[in-house]
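Shared between the two complexes below is chain A, which pairs with chain B and chain C, respectively.
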Partner chain A sequence: MSAMLLNKEKWSEFIGKLSGKNLWAPAVQGEVKKYAPVAEGETVELDEGNTTVPPKALLFPQTETLYRFSTGKEELEFPGLDEEMVLLGVRPCDARAMALVENLFRWDFDDPYYLKRRELTTLIGLACNEPELNCFCPSMGGSPDSTEGLDILMTDLGESYLLETVTEKGKAIVEEMKDLLEEAPADALEQKEQLAKGAREKIRRGVDPDGVPEALPQLWEDPLWQRISAPCLGCGICTYLCPTCYCFDIQDEIEGSAGRRCRMWDSCMFAEYTKHTSGHNPRPTRRERTRNRINHKYSYFVDKFGVIACVGCGRCSTLCPVNIDLIDILRQVKAAQ
Partner chain B sequence: MKDYVNPYIPFTATVEEVWNETYGDRCIKTFKVVLDDAAVRESWSHRPGQCAMIGLLGVGESMISISSSPTEKGYLRFSVMRAGKVTSALHQLEAGDKMTVRGPYGNSFPVDDWKGKEILTIGGGIGQAPLRPIVEYVKANLSDYAGLTTIYGARTSGDLCFKQEFAETAKVDGVCCHLSVDIEEEGWPHYVGFVPSLLMEVNPSPENTIAITCGPPIMIRFVLENLKKLNFADEQIYTTLENRMKCGIGKCGRCNAGNLYVCKDGPVFSYAVLKDVPEAFA
Partner chain C sequence: MDLDKLRKTAAEVVSRDDVKYLIGWRRGTFGYRVAPHFIEDAAGVDELIFSPLCIANLANYLTLTEKLPVPRGQEADTRKVALLVKGCDSRAVAQLIVEKGIKREDVVVIGMPCPGMIDWKLLAERYPETDVAAEIGWKGEDFLLVRGEEEITIPRAEVLAEKCRLCRHPNPVLSDITIGEAVEPWAVAEDSGVAEIEAKETAERWDYWEEQFSKCIRCYSCRNACPLCYCEDCILDRLDPIWVNRAVNFSENTAFHLARAFHLAGRCVECGECERVCPVGIPLGKLNRKLARTVREEYGFEPGLDPEAEPFQASFKPDDPEEFIL
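Showing the complex of A and B:
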């Protein structure tokens, strides 16, 4: 892993060079912070905190066309999946989520839509110096400076950014930017280690997930599910904005003789999600749906892929309109064991 | 960059024949379809118990069990109850019309492991559709098996699928067919009562026997109870599950029962596995 230094005086030049590469970076739009395209000539200001909408939305759009068709024509038309993309300022938890979700999209049947976008995307991460209130990534095996899933990890050192190269894709970017960069001195690396240590110490919340995957099947009929789901409104925000949630619906849209088959985010917290055509619903209430959500993340995904499908970003707890808190749920699971 | 095979692309197929199995609001039609592309047709291979996503562009897709046996070559059969948007649109199709097919998906009945055994199918209503390929497969390879017994019932004789075929199957040496209707009706020569009761009446021996059941959840529950009363071991009992599905390939998330995806880990499960799966009979 090579380490380079980017003096902030050269930041706008750095952004200028990147913006020719279909660059996306966090931007505030109304009440939400989400990734937005950076036009040439625009600048980017990276601040602390994470985006409301995780960058999963760029690899797995909220709605995307699988293919287009028109009546009387046998050939299907496919969306071009050939545009390279650079994501700047990706938080380590969100990059790690992309690496986890890739397991699912590679499971026996490769999903070309997700996997091609993933291959075409370079992730330039930003280590968290100031974790947020509900951050708990270390509990889930991550850290504020984790490089998992990233191509480059940047750390804000105040006057400059430290750029650590993780992958070949990252190396190519650093190579192109080399005129703006200088070799990182030893004290810069030392400063980064101190910042990362400080960030870990600033994380106030956490829960040890040890034993949770094993406990969950035993707690199937436990009253805790009733208790946890009682205030739930079924709004689905905990899943829509979860960086590891990937469930989708497939729908056809047709206008005149042309149409498209598209897929869009779905949520296990919605009644329709599992409702049979007959009207029977194997998960009839929020109790069963909440139980599935937690079991899926902390038990089923572990069975299939050997890792918990949660990165501890804290969005579900922060955004829940009735304050259902994931750490609290996990603590209740552990207590009921 | 890697060139991926796109698993969401369906094949096109032509409806060769379509007929009503039952009539009424939720009638069942059987579609005999032929895949259009010769290369696809030749490379297509499925095993009894597998499913396919069938549908129409502009309407959608539904996961339907392939009700023809691999021993029936050159075409696929799907028996579809008219229930929702996609199945209602499929029911409008006539011979010569096109539909789309993706698959085959899921696991299958372990018919090779069952060689030498007596095969017993217990079906109810549309639940006979996934059992039909087993009946046809075992019938076509009868010398490999100790015998075949089918138990099949529906509410009325008008709700029974494959009636003509059962009449033919019953004539085959080494095959026993038992039919039932729930309610007494004039001229009905067979059993009157629920399928689980007919099972007790038939009283099959568990020795060297595999029992496969599919039907409404309530029927499956009592059939399982009765099979246990008849001393069938969990490993001798199989069923197929269904759940709402969108992708059919383990991605869209919704069809799981506990940690098992019905589309990929199933639809065929032994009771030995299912009895510990919390949502299996939800």
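Showing the complex of A and C:
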């Protein structure tokens, strides 16, 4: 892993060179922070905190055309997926989420759409110096300076950014930018370690998930699910804005003699998610749906892929309008054991 | 606010044989959050609170809670649901009764005259949330934030929720039991949010809503948080025929939001939940308040004030105005 230093005086030049590569970075739009394209000539200001909409939306768009069709035509028209993309300022939790989600998209079938996009995307991360209130990545095996899933990890050292190269893709970017970079001195690396340590100490909330995957199957009929789900609105906030939730639905949209088959995000918190054609619904209330959400992340995914499908970004806890708090749920699960 | 009296009353109500549970609020798990609290026995009242953070409209749960078929050989549970209501929440209850969404005798309404609620986001801008659930109360006209030893008075105007600034009915319009004295309605501010949009040219207005609706992620939190959006079979969930495509884009999002707004005309009680819960900040309150005002000004009708009223969209008077008919 090589470490280079980018003086902030050269930031706009750095962005200028990246913006030719289909660059996306967090931007504030009204009261929402989400990734937006950076046009040539525009600059990027990276600040603390995470985006409301996770960057999963770029690799796994909320609505995606799989192919187009029309009557009388045998060939299907597939979208060309060949544009490279660079995501800048990705938080370590969100990058780790992409690494976790890849397990699913490579599981019984290689999903060509997701994997192609993933292949074409370079992730330039930004370590968190100031974690937010509901950040709990260390509880879930991450850290504010984790490099998992990233190609380059940047750390804000004040006057400059430290760029640590993680992968070959990252190396290629650093190579292209080498005129703007200098070899990082030892004290820069030392400062980064201090910042990372400081960030870990600033994390205020957390829960040790040890024992949760084993406890969940035992708690299937436990009254805690009724208690936790009673205030639930049954909306899609916690799942749509979760970086590791990947459920989707597939629909055909037809107008006249042509149409498209597309897939779109779906949510296990919605009533019709498991509704059968017969009208029967095996998850008839919010109790079963809430139980599924937690079991999927902390039990089923663990059974299948050996890792918890949560990175501790805290979005679900922060954004739930009725204070259904994941950290609190895990504590209740542990207490009910 | 007499919390002891509230808890004592709540304990009496949940202990009644004809009451299934009581819905109130409890302190949240961090910061300025408060959670709806479902109390099944007298022990649960210890956590019950009523504070300026109790903004959520609990009337929503009257229709949100699933009613499963009764298994053969069992009897349906016909006990009442008790709930705490502020002025705006009570209007939702009244409107549900008008629409026959619920029956009056199926609910026990505990009315809480409301001195106004805090928009926690405004509060958090001034005093960031911490990992400890904050204690907040009313202090005269203002709010009082207690943090350990520290007591901070926060001027009302700084953090009062927008819907409360515009509130004309702070006292419950119906209740079986009322806790506390009626509050004096305050001078209602001009609805600057709606006025600002009305002042725009049509094209500009279109651009404004295009930007807003384009942000929508169709999580349906606005629909689900709305006490008056309770169709058992919502057109948005219909797949055959599919009325609104599931694709998330400006066109479909607009179809969704406009359908919802029109379905709420003459029904919306302006509790503001749709806007409060939106994770991407779409100002849905402006849309619904504009329709509510049209109904109020053109027809002299305000929903949710009288549980005996005729439903607005199902009633006709020979002198109804028709200026807008082209």
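The definition used in the following text is that the second predicted complex is superposed on the first by the 337 of 337 C-alpha atoms of A that agree within 3 Å, B and C clash if a C-alpha of one lies under 4 Å from a C-alpha of the other, contacts with A are read in each partner's own complex, and residues count from 1 in each chain.
In this text, contacts are C-beta pairs under 8 Å (C-beta built on N, C-alpha and C of every residue); 3 or more make two chains touch, one makes a residue touch a chain.
All values derive from a computational prediction rather than experimental measurement.
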item	value
Clash or fit, chain B versus chain C on superposed chain A	fit
First, second, both or neither for A:74, with chain B first and chain C second	first
Which superposed partner A:276 touches (first chain B, second chain C, both, neither)	first
Contacts of A:2 with chain B and chain C, given as first, second, both or neither	neither
First, second, both or neither for A:230, with chain B first and chain C second	second
Touched partner set for A:303, first chain B, second chain C, both or neither	first
Contacts of A:218 with chain B and chain C, given as first, second, both or neither	neither
Touching partner for A:337 - first (chain B), second (chain C), both, neither	neither
First (chain B), second (chain C), both or neither touched by A:249	both
Closest approach of chain C to chain B (Cα atoms, Å)	5
Shared chain A contacts, counted only where both chain B and chain C touch the same residue	249, 251
In the complex, chain B residues that touch chain A	1-2, 4-9, 12, 57-61, 83-84, 87, 217, 242-244, 246-247, 249-254, 256-259, 264, 278-279, 282
Residues of chain C touching chain A in the complex	28-31, 33-38, 56, 60-61, 64-66, 68, 121, 128-131, 215, 217-221, 223-225, 237, 239, 242, 245-249, 276-277, 279-281
Of all residues in chain A, those that touch chain B in their complex	66-67, 69, 71, 74, 76, 78, 104-105, 107-112, 115-116, 119-120, 217, 220, 246-252, 254, 259, 261, 263, 266, 268, 273-278, 280, 282-283, 288, 292, 295-296, 299-300, 303-304
Chain C contact footprint on chain A (complex, rising order)	29-32, 52-53, 62-63, 133-134, 204-205, 227, 230-231, 233-237, 240-241, 249, 251, 253, 262, 264-265, 267, 270-272, 284-286, 317, 319, 321-325, 327-328
